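Both complexes shown next keep chain A, but they swap its partner, so chain B is in the first and chain C is in the second.
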Partner chain A sequence: MRKTIGIPRGMYYHDYHPMWTKYFNNLDGKVVFSPKTNKDILNLGVSKCVDEACLPVKIFHGHVEYLKDKVDYIFIPKFISICKREYCCPKLLGLPDMVKHSIEELPIVIEPEINLRKVNSLRNAVINTGRIFTRNHFKIANAYMESMEFQKYYKSLLSLGIIPTEDHQNTHTKDIKILVLGHSYNVYDEFINMNIFNKLIENHVNIITADMVSADDINYYSNMLPKRIFWTDGKKIIGAAYSLLEKNSIDGIIYLSAFGCGLDSVLVDLIQRKATSKGVPFLLMTMDEQTGEAGFNTRLEAFLDMMEWRNKNEDYISSIW
Partner chain B sequence: MGLDIGSVSTNIILIDDKDNLVFKKYLRTQGKPIDMIKEGIKELEESVGEKNICGVGATGSGRYLANIIVGADVVKNEITSHAVAALGFNPKVRTIIEIGGQDSKIIILRDGIVTDFAMNTVCAAGTGSFLDRQALRLGVNISEFGDLALNSKNPVRIAGRCAVFAESDMIHKQQLGHNQEDIIKGLCEALVRNYLNNVGKGKEILFPIVFQGGVAANKGIKAAFEKELKQQVLVPENYDVMGAIGAAALGRKKAEEQGYTNFRGTKLYEKDYKVNGKECNGCSNLCEILEIFEGNEVLARYGDKCGKWSP
Partner chain C sequence: MKITFPQFGNVYIAGKAFLEELGHEVIAPPVCSRKTLEIGTKHSPEMMCLPFKILVGNYIESIEKGADTILITGSCGPCRFGFYSLLQDNILKDLGYDVDIIVFDHIGEGYSKLKSNLNKIINMKSMKEITRSAKLGLDLIKRTDNLTQLSNEVRAYAINKKEVDIIMDKYYIDTGSVHGAKEMIELINQTEEKLKFVKIDRNYTPIKVGIIGEIYTIIEPFVNLEIERKLGHLGVLVEKSMTPTSWLEHHVFNYPFGSKEENMKYKLAKPYLKTLVGGHGRETIGSAIYYKNKGFDGVIQILPLNCMPEIVAKSILKTVEKDLDFPIMTLVVDEMTGEAGYVTRLEAFVDLINKRKGNINIG
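And then the complex of A and B:
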């Protein structure tokens, strides 16, 4: 019988799931995802996870708890560094350890370490993971190559502005352009972010994500800072914001941040200052366990009202001239 | 007519076509917004008779509920409503400080348009509820709070970062034997400090500054703002119902444009409204669905994520 591998739908799932799926499928494994985040998953996560963790980490615990009786393995890679001389968020560094500490009766956890600060780390991760399923190294290498191709295809879709969680598509015909920023696990989890994409699309907003900004631009503009950002997520967020602000190609920024996020405490301030100096409206949405949407909607509505008000006023001035 | 259904207060006002306030009712919501709307409208009819109401605007966190019960032409968020009302009060306004029961906001305007705003985050330190609670603890009526603060000559310093810490800090100061006035003034200053550091962080606060919302009644807070900002702070006469005034102005404009109003008539207070809450088991989201009945007829259902219940 084919072995089943559970992949929790949280944290870096939104960045890498096509690659992981392809890889395990090629090794004759069967991939099982947890469902989209919902109230049950949240409750499971909150009850299992240490309470100082941020919301996405708690939710990740919920996904693991949901999967644990249903699969042979659970896949929780240990992301230490995915870019040269950079680090991931500390919560990702310790994610498999946190989960193993907090959740009992887990199936076997597959936790390859991905640390590009070390030589051969990725190669070892790929091979050691593959050896759980086959001893054929050629097959493992092949599975990896194909999964990388698939990953590239997925990234190219994201860069075109396709939003993976969305039923409606982002049509890019609307007037107002808003950059939606944040870690991918907040931006692409519609439970955490209270379905902000749907709300924006209903209000005729053209959504831009950091995934739509090219890697070259991200590197170039994040280097405008006097000191380099050594978190990979942070670099992407800052680079995307700075490049679009410098090019004057957005009308507003909405930053989705989970309460208590250490990276965001730095990033938000840097981006807010830049946005203010460029006269671009900036809205910070702090999210935690609340499921009441009133406060969230009020801020969003007021923000959109304000942009409309501004635009009208600009038209008004131009009609005089 | 303007309705502002907030967490702490429910305000119903009437303005005429020249923006004069004809009727004003400030009620404590006490967690029963529907009853309070009915009560307010009943009083409205009793005091001014069945006037010709030609437009309705609703705002506040209960604005969608108000819309269902009353029938509004405009359902607007609090920020826009407050900005519109403040512009009516002083067209040159460049900063609005609004402190209500659960929210505190800062709205920055330039040349009569909103250019920036901020609201408090998950924390409630720096809102009316915080003061309410501390007044209760001190055994002081909240309406005397401001006058007592003005009597203080030597305010104590109280930590304002978090309502819970502020409370324990205040108790320590009480145990040391400080005057009640000094503690109250210390609380006012702590609230203002927290507001400026949290909500007002990074905002350019320029004159004229308008201070509105329920907390503007508190002279101690107004004085603390003036001390901290070193500028005069203006409090409009109807500071406590500014959101409703803004909503009314927007509702009137919309009704004029569309040529009719959605208002369901003042007799609605005679009707019986029931709310039924239930959990939908259709999927694992377990949405909390609310059904609002008028008599036996369903007026509205909402609360779902998928659109199964709400139209």
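And then the complex of A and C:
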């Protein structure tokens, strides 16, 4: 019988799920995803997780709790560093540990450590994970290579402006261009982001995400700061915002942030400062488990209205929102 | 150049003496108060952690007293502390203060930058002078840490606990008026003498509680609402898992290997947490186990609201508590923390430990 591997639909799922799926499928595993985030998953997560954690981490706990009786293995990689000399968020560093100590009766947790600060860490992670399923190293290497190809294809789709949660294409014909910023696990989760993409498309907004900015631009513009950004996610967000602001190619920024996110407390301040100096409207949406959709909609509508008036009345309205 | 630096427990005593020996004019930051916190909260980003806000308050208070250069250490670990200097520089510029922030970053971030920063501080002194002042400074840090620990121990046994508080308060007030390392050591000697004459109850066996968690909240008494004093008044012997001395030993003297004590804590934490989580998350777990092995009766974890590494540590401490049958309490502090609720929780914790030990409630 094929072994089933549960992949929780949270945290870095939205960045890497095609790769993980391909890799495990090639090794004759059967991948089971948890359903899209919903109220029940959130409630499961809230009941298991420590209260101080941020919304995406709580939701991740909910996904694991949902999956735990249905699969043989649960896949929670430990992302320490996915770029040389950089780190991920401390909560991602400790995510498998947090989950293991918060949820009881877990199946076997596959937790490869991905730490590009160390030599051979990725290689060891790939091989050690693969050895659970097969002893054939050649097969593991092959599975990894193929999954990497697939991942590149997925990233290229993202960079073309395809949003994974939307059926519609993001057609580039509308007047207002808005950059939707935030961590991938906030931006691409339909529950956390309150379906913001759908709402923006309905309002004829041209959406830009951080994935659509080239890596060279991100590196170049994030280096404008006097201090090196040592968070990979942070570098991407700052680089994308700065490059688009410097090139004057966006009309507004919406930042989706989870309450209590440590990275965002730094990033929001830096981006807001830059946006204000460039006269670009900036909207910060902070989400937690109590956020209601009505209030969210009102703020979004007000923001969009303001942008419209602004274009009509020649910058009559202040950019500080 | 009038130098200032953030308030960090007893570090200002040693830091002031060290920089004065190097011939700088030092403006020691005023002791943290409600006012410091208010100024800091007003100018900081909302979601930032408490130490950031206190630091901003410290800077502004010192700048108003005439400081024009700020010293701070940097970091490039996963904790947000590494970005403090960047954001604080922006905030101070926005407020119209013309100050120079000197950051001592990790050597991996560039040797030349660290060197030029060090040169600014060294003030064209000879190597001999520098080593002499550094030695004095280090000596002072150790002495002040020892003095605080001594006062904590004496307070637990003292018959009249207020007596210790009076001695320590006088000492903190006097530190502001002495100049240079020599006078400071003299002052510490006098205070130690005074503490030795406090009447103690020799038959009393206090319960022992370790303080673990985020380094700033452990060390800065204003932020943790003087937890050592409060516990001392309940007759508890308190020990802090981290002191400025232990930080220096781990990060500076034994670089890059780390001090023996901290490495032992990593080892103890290994069954629960194998890798780093930034900040002092791993040390927190190691310390909890360390205190259990040392025969302590409980530990209290203190963290500022939304401190990322400590949240990870907190979720793991639940298992440690269960496995070792060891009481662990978590206290979260932020700018809204009220004193009454805090004291109630401490009293409840102490009562619980007393009950576990079969002691009659001292009440």
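Assume the second predicted complex is superposed on the first by the 313 of 321 C-alpha atoms of A that agree within 3 Å, B and C clash if a C-alpha of one lies under 4 Å from a C-alpha of the other, contacts with A are read in each partner's own complex, and residues count from 1 in each chain.
To be clear about the criterion, a contact is a pair of C-beta atoms (placed from the backbone, for glycine too) under 8 Å apart; a residue touches a chain by one contact, two chains touch by 3 or more.
Because the structure is predicted, anything quoted here is derived from the model rather than measured.
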Superposition on chain A - do chain B and chain C clash or fit: fit
Touching partner for A:T298 - first (chain B), second (chain C), both, neither: first
First, second, both or neither for A:E149, with chain B first and chain C second: neither
Which superposed partner A:D175 touches (first chain B, second chain C, both, neither): neither
Chain B versus chain C as contact partner of A:D216, first or second or both or neither: neither
Contacts of A:D28 with chain B and chain C, given as first, second, both or neither: neither
Partner contacting more residues of chain A (chain B vs chain C): C
First (chain B), second (chain C), both or neither touched by A:C89: second
Touching partner for A:D264 - first (chain B), second (chain C), both, neither: second
Following superposition on chain A: angle at chain A, chain B versus chain C, Cα, nearest 10°: 80
Touched partner set for A:S102, first chain B, second chain C, both or neither: second
Nearest-approach distance, in Å, of chain C Cα atoms to those of chain B in the combined model: 5
Chain C-contacting residues of chain A that also contact chain B: 259, 273, 286
For the chain A and chain B complex, residues of the former touching the latter: 35, 38-41, 195, 259, 272-273, 276, 279, 281, 286, 288, 290, 294-295, 297-299, 301-303, 305-306, 309-310, 313
Residues of chain A touching chain C in the complex: 49-50, 52-54, 78, 80, 85, 87-91, 93-94, 97-98, 101-102, 113, 115, 225-228, 230-231, 257, 259-266, 268-270, 273, 286
Chain B - residues contacting chain A, complex: 61, 76-80, 103, 111, 113-117, 119, 121-122, 202, 283-286, 305
For the chain C and chain A complex, residues of the former touching the latter: 45-49, 74, 76-80, 82-83, 85-87, 89-90, 108-109, 272-279, 281, 303, 305-309, 311-316, 318-319, 332
